[in-house]
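Below are structures written as structure tokens.
The following pair of complexes shares a single chain, subunit A, combined with subunit B in the former and subunit C in the latter.
The block that comes next holds the complex of A and B.
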């Protein structure tokens, strides 16, 4: 009886090498689970992730295709198990076969989806042939450090050939060690985690204050406090930057919507209620250019936003000129009638577009340069579509300023704005200037439509969203001045963005409107009054 | 001399009003195409304004259902004639059009309204005139009128099952809720009921946040920032309960995806989100977001196949300006509504509203959703199935969950 434990030790010793290679995978069972209910699918997902981490080569090659197939619903479950529909292979044996009867392709629940995405990324990290794919997989893993199966990162780091990527993997492995037993590893992990300055990190670190080590270990406490203050500083900077950026991007939208209106209003005193619809038409022209490129030159499709610039400008400018020549020139002496006439035109244009294109939102490709964004600091994300709008507004501003200040047309426009009769006396063709100015203003509206198409839905009604906002800008800025439009757009945009988080979007609109009314009581001419005699 | 009767004067004013509202759709307000059938039905759906893209298609589906019934010989021996109006997404205009249709055209029933606020403006009109309004949207409940048939579900059989699913083990075990809605009665009431519901489940008030935006709002940048901040505070899985309507839905989704938030991070439960809202969006970045309705286009069964085929044929035959391969719950509800009305009128052997109302009890219809929808004598609600849909990358919804049968509708919420 003395040596009763010997067989046990022998058994343990025998088991050790097996444990290191992990138990063989029950392939049929795993596939059955993949075809089961939500709970079973979740188990299958976790099992797949651990195969990616610790499974042997044969199992890993076998399992690698499964998570993607489940995510894409390319798994056809039938009586005999399942078939990978891409390639028509049996999921268990990988022998070619057809699915029998009416196969079912299970849908991942929201809870299981991240598990499978993680498993897919885990396989990619270990087996993807090029470093770019592995780096992308690592990004997915970084989103959910808590779900990463044990051992995955260590093995991936060992096998990684790319030095930079290897460092990144090790970095992630270290920051996953927040709850490790080794205090030094924990402190290192805190340092790593604090490099991501966002609110999630802050929550994570603040939770460590309740950790027993926080009271007991001075080094740990110091690391946590330093980490927290670092993250807090980052968040504060990020918040300020986000507010400025949001304000600026909103201002650029307001500016684009208002600048055409400002030029037309300033020059001719015509309130163009069809301005919003010209914006809408600019967006539709952009869409047509995209469709044209799709059929003529699919290789250039991504650049349709740039290629559509002249088209959007010219088409809306032509509509503006036609409008002026056919309708408005008869109504210059009757401002109220021109208001009604442009309103009628706006209704006409909305319905025309509705009849031709229908009321649904148009489908725009999102080129890579207006997709997604980069996290900068704290919770501030630099989104490319807004950046595109800002840059576009800046370029438009510069060009408009150049046209008005530096060209003969601009000189004429300014002369007519200041004193129409005198300008006519010295031989400026005021009729033609009117027409050109109307064309310029309308063309700018078309450009606004182009700039807004990556941000807003494009449909026949979209113009109505902008007309009120652009009026606020023009009236506040002082009619007809470019500088006024810029300053008013910046002011309204920024104030809106500052108020929104405090009192909500509804209150922001109301408060901004009240502020504008108040300001106009004090300065009825707006921020920048046009000097000179009018009429 | 021109004879000027009161009627022709009213018609002329009506036409002038319609002309002002929509120059192209000039005869839209009273398009009494054929005076063939003596029984008239009226549509109150906007084909202009912010709701146009959604409501517009319901006009056609009502006509399609009427054509189906006419092809089988009509109701009580008379064919159905459908009158269409355009209230231009402008709430007071709904009441005006309703009044005109009931008083002048003597329509046997009205089918209409999308937003709750438009229904609320029509409600006194139908009650006063003793008309009948079939309302095809799921809505906030807390209302029961003998003159309104609520074809779709109140929150107890649409919103609560979906929220329950998300809070449950099979969903995402949601613990925190960001409510974002358009500023009017439906979102506010839904959110009030949800808060009551969460309170009854012992969820603390700090676990939710409520924000409202004006109608037609589109600049969601700051709000999405706020949602990110809310989610990062920790304390359990956050979700967004989205009750913005109309064009705000695609604008929100676009910004949400653009800031890099996936459904697996923060799922959005879009309560007014339908297949048509995804048209034009790149849904590969939105996969997994949820909605809940009594019908989804991907519903299985012969009834749905038949419905989708007849809609596609109808769109082609009549050159309807909407997509032949998109079908949304309110379309199906409007379609059901016409059939339910026809069955009631047939059963009553009359078109008089009191007679028709008396015939409601026991009506049932094989809805394209695959459920047999039914009415009881208890109230004017219809019991229907519940679907939870999950956005897929083909601008549609996959069915994530559906109810076993049709829950009994509970109009008044105990949580509000």
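The block that comes next holds the complex of A and C.
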């Protein structure tokens, strides 16, 4: 954005209209028109809008109340002109007086109403004290860019203090300038509109091809064509980036769901079918933390996603350790039976949660750091909630890597993964390692649930949506390797996102499954097979 | 391998099935006759038992756990549903609802010939054989086994479910197929038809049970057990285990398909829910609870679990999942071979606590 440039255009654009209405406003005449027939009222509305755009401060302050009064029917027309019934002021002089005789409130016709609403919004944009009201007014103006009086937006942008709103106003000013009367201004406007590469501006520019000037004016045609090709290029780049970004965020979710599963599977050959339910419980714990904060410390409510991290990890880790101690340690020699046992656990947990919390989706607050996003190029918006998931996955990956590679526990886990019997021979407490590793894997599932809660709907069934995808990741990645899980999650995430827009979600799943089956022909143990003696 | 003559639990079960199958039509209409609901329930249980047998054959005797047997069950179910709908169409002339929803005036071309039962049966066998054969071949050839195989089969059935949920495939989409009016020229829903289907299911169950017993009792059955217990050694001895596994896998798939063909006419509907991974997992649970590696155990497990389910999902639906999960944990921890352990301990020969512990340890 070249900021020095805008006031210049604004000045150029405003020069003509200012000259036209520089004469002082005929206040009495305007009020008389307001009380006149439909045609006269329409003229009054247009006049009010142009006062909002270019009138001096005194006129604007005077006129600002009129459109609202006309819309709300709070204007009482009588023999002496009109009275604003709210406060009982004369419409022209603003002196207090009573309405005379039998006052009548003029009714806006369907055609005039939008004109008055636009005028009202125009006043609000220039005079409303709070940014939210100005933003609302801008929304109304955006609906009818062609009706916006020239000069209004440029002046409003100059006076605007809020940077985000100012940029929006400038955007709208550019769109409105496409309909300006001066051809040079239009060509400049095309250039500036084309800087915002998205599908909306593409539609705007493509519409100009039907403009009479497109056929008549070579310069204009050139500007339009250049603008269109520039926007199209931007959209193409934006689409590629959006696909990559979505793939990355989906991959990070897959990774979060699968890493705990991979550790448990790698260590004990146990497929934990309750992993999805641990994810679900992580999300429920997050919700409980949010509810707790709401009643105990409402000021910290926005930070519940961060504050819930230890809670989600510890609760699910505790469940995992209990599960291991009570059930799975009896089943290490029978992995297929442990599969069924963990399924029983998942059935139990789903129903427990259903009985306690009900089946409906949980309501989550969306803190400011996971709302909205930054538009980058084309239709690609860098959204904060996906960024949160990606960052969360990266941090989890780093911490998991540290635990597995740099701590004594991690060393023991790796030793037991490679050769349980030999590890036991050299004095590693395999039983305790199993328990801790199961706790770690379960805790990671809980964290996945936390990371998912701002993106997905949270209900007792949510775990089942992830379990098959995370299996695919584990099978493709190879047992219990962090690198394998990362690569497989990235691959499956990207393939899904690439195929989905082309042939749909079902085809994406089918193709991923076929690719995995095909891949296992080549490497039955997955991408990064651990060289161990486990079958 | 005991011969069939000395296998008393097996003989007792087959005898019981035949007695029920013969008694049901004979007693129908008399005060001793079963209600329509019970008759229908027995028929459905028998279909489930056939399904459990099919999984026990491959899991219990070959050690290959499939968590996708619902796929073959569904193929049988969908094909018989297509036959019934096409047959009903020939008789009543109304196009089924799901085609009307899609705005189609007539059946898609691949429905041609389904009003002819032998053709439908052939298609069911061919499709099941093709899918099972292809999938089994690529999996067994690259020696995908154990938990890997279980996971991939589960993904397979999941993907199939997603496919069948689509409405534009011409197989009923998420609503499934229903509204079967006639079967083999007889109206559906009459007491006679319900009894006939139930008896047919029981007889098929008895026949499949007998067939499986002959198979596992034969030399081939010994090879199956040897593959389960030490495949590497068997291959070293010069046996081709790939073909053996593939053959049993396909046979198992065909039996599951047969169960689907028996099941769907009795419930009167098929929808993609039969393809949900949960159902396929439940089949394994029936087998595990009854006792895997024992044909009688698989049948008893399927009958018991589903009978309790029929009763509880009617009487106390929210309690059922807790009972099922408790039952699984109990069986997995206390009876490693399923309820057949219980039968062995109590019925066949009395034994002391020490002997019981030794037996359990051995079984582990």
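The rule is simple: the second predicted complex is superposed on the first by the 366 of 535 C-alpha atoms of A that agree within 3 Å, B and C clash if a C-alpha of one lies under 4 Å from a C-alpha of the other, contacts with A are read in each partner's own complex, and residues count from 1 in each chain.
FYI, a contact is a pair of C-beta atoms (placed from the backbone, for glycine too) under 8 Å apart; a residue touches a chain by one contact, two chains touch by 3 or more.
Nothing here was measured: the structure is a model prediction, and the numbers come from that model.
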Which superposed partner A:457 touches (first subunit B, second subunit C, both, neither): first
Dominant toucher of subunit A (residue count), subunit B or subunit C: B
Touching partner for A:179 - first (subunit B), second (subunit C), both, neither: neither
Partner chain in contact with A:471 - subunit B first, subunit C second, else both or neither: second
First (subunit B), second (subunit C), both or neither touched by A:372: first
Touched partner set for A:344, first subunit B, second subunit C, both or neither: both
Touched partner set for A:355, first subunit B, second subunit C, both or neither: both
Which superposed partner A:61 touches (first subunit B, second subunit C, both, neither): neither
First (subunit B), second (subunit C), both or neither touched by A:229: neither
Touched partner set for A:100, first subunit B, second subunit C, both or neither: neither
Subunit A residues contacted in one complex by subunit B, in the other by subunit C: 344, 347-348, 350-351, 354-355, 464, 505-506, 509
Subunit A-touching residues of subunit C, taken from the complex the two chains share: 59, 65, 67, 135, 138-139, 141-144, 146-148, 150-152, 154-156, 158-159, 162-163, 165-166, 277, 281, 284-285, 288, 318, 321-322, 324-326, 328-329, 332-333, 336, 364
Residue ranges of subunit B touching subunit A (in the complex, touch as defined): 21-25, 47-50, 52-53, 56, 166, 169-173, 183, 211-214, 216-219, 221-223, 225-226, 228-229, 232-234, 247, 250-251, 254-255, 258-260, 263-265, 267, 276, 279-282, 288, 290, 321-323, 390, 398-400
List of subunit A residues in touch with subunit B within their complex: 38-39, 73, 107, 109-111, 113-114, 117, 143, 198-200, 202-204, 207, 242, 246, 249-250, 253, 344, 347-348, 350-352, 354-355, 358-364, 366, 371-373, 375, 379, 381, 383, 385-386, 455-462, 464-465, 496-497, 500-501, 504-506, 509
Touching residues (chain side subunit A, partner subunit C) in the complex: 265, 269, 271, 273, 327, 330-331, 333-337, 339-341, 343-345, 347-348, 350-351, 354-355, 464, 468, 471-472, 474-475, 505-506, 509-510, 513, 516-518, 520-522, 524, 535
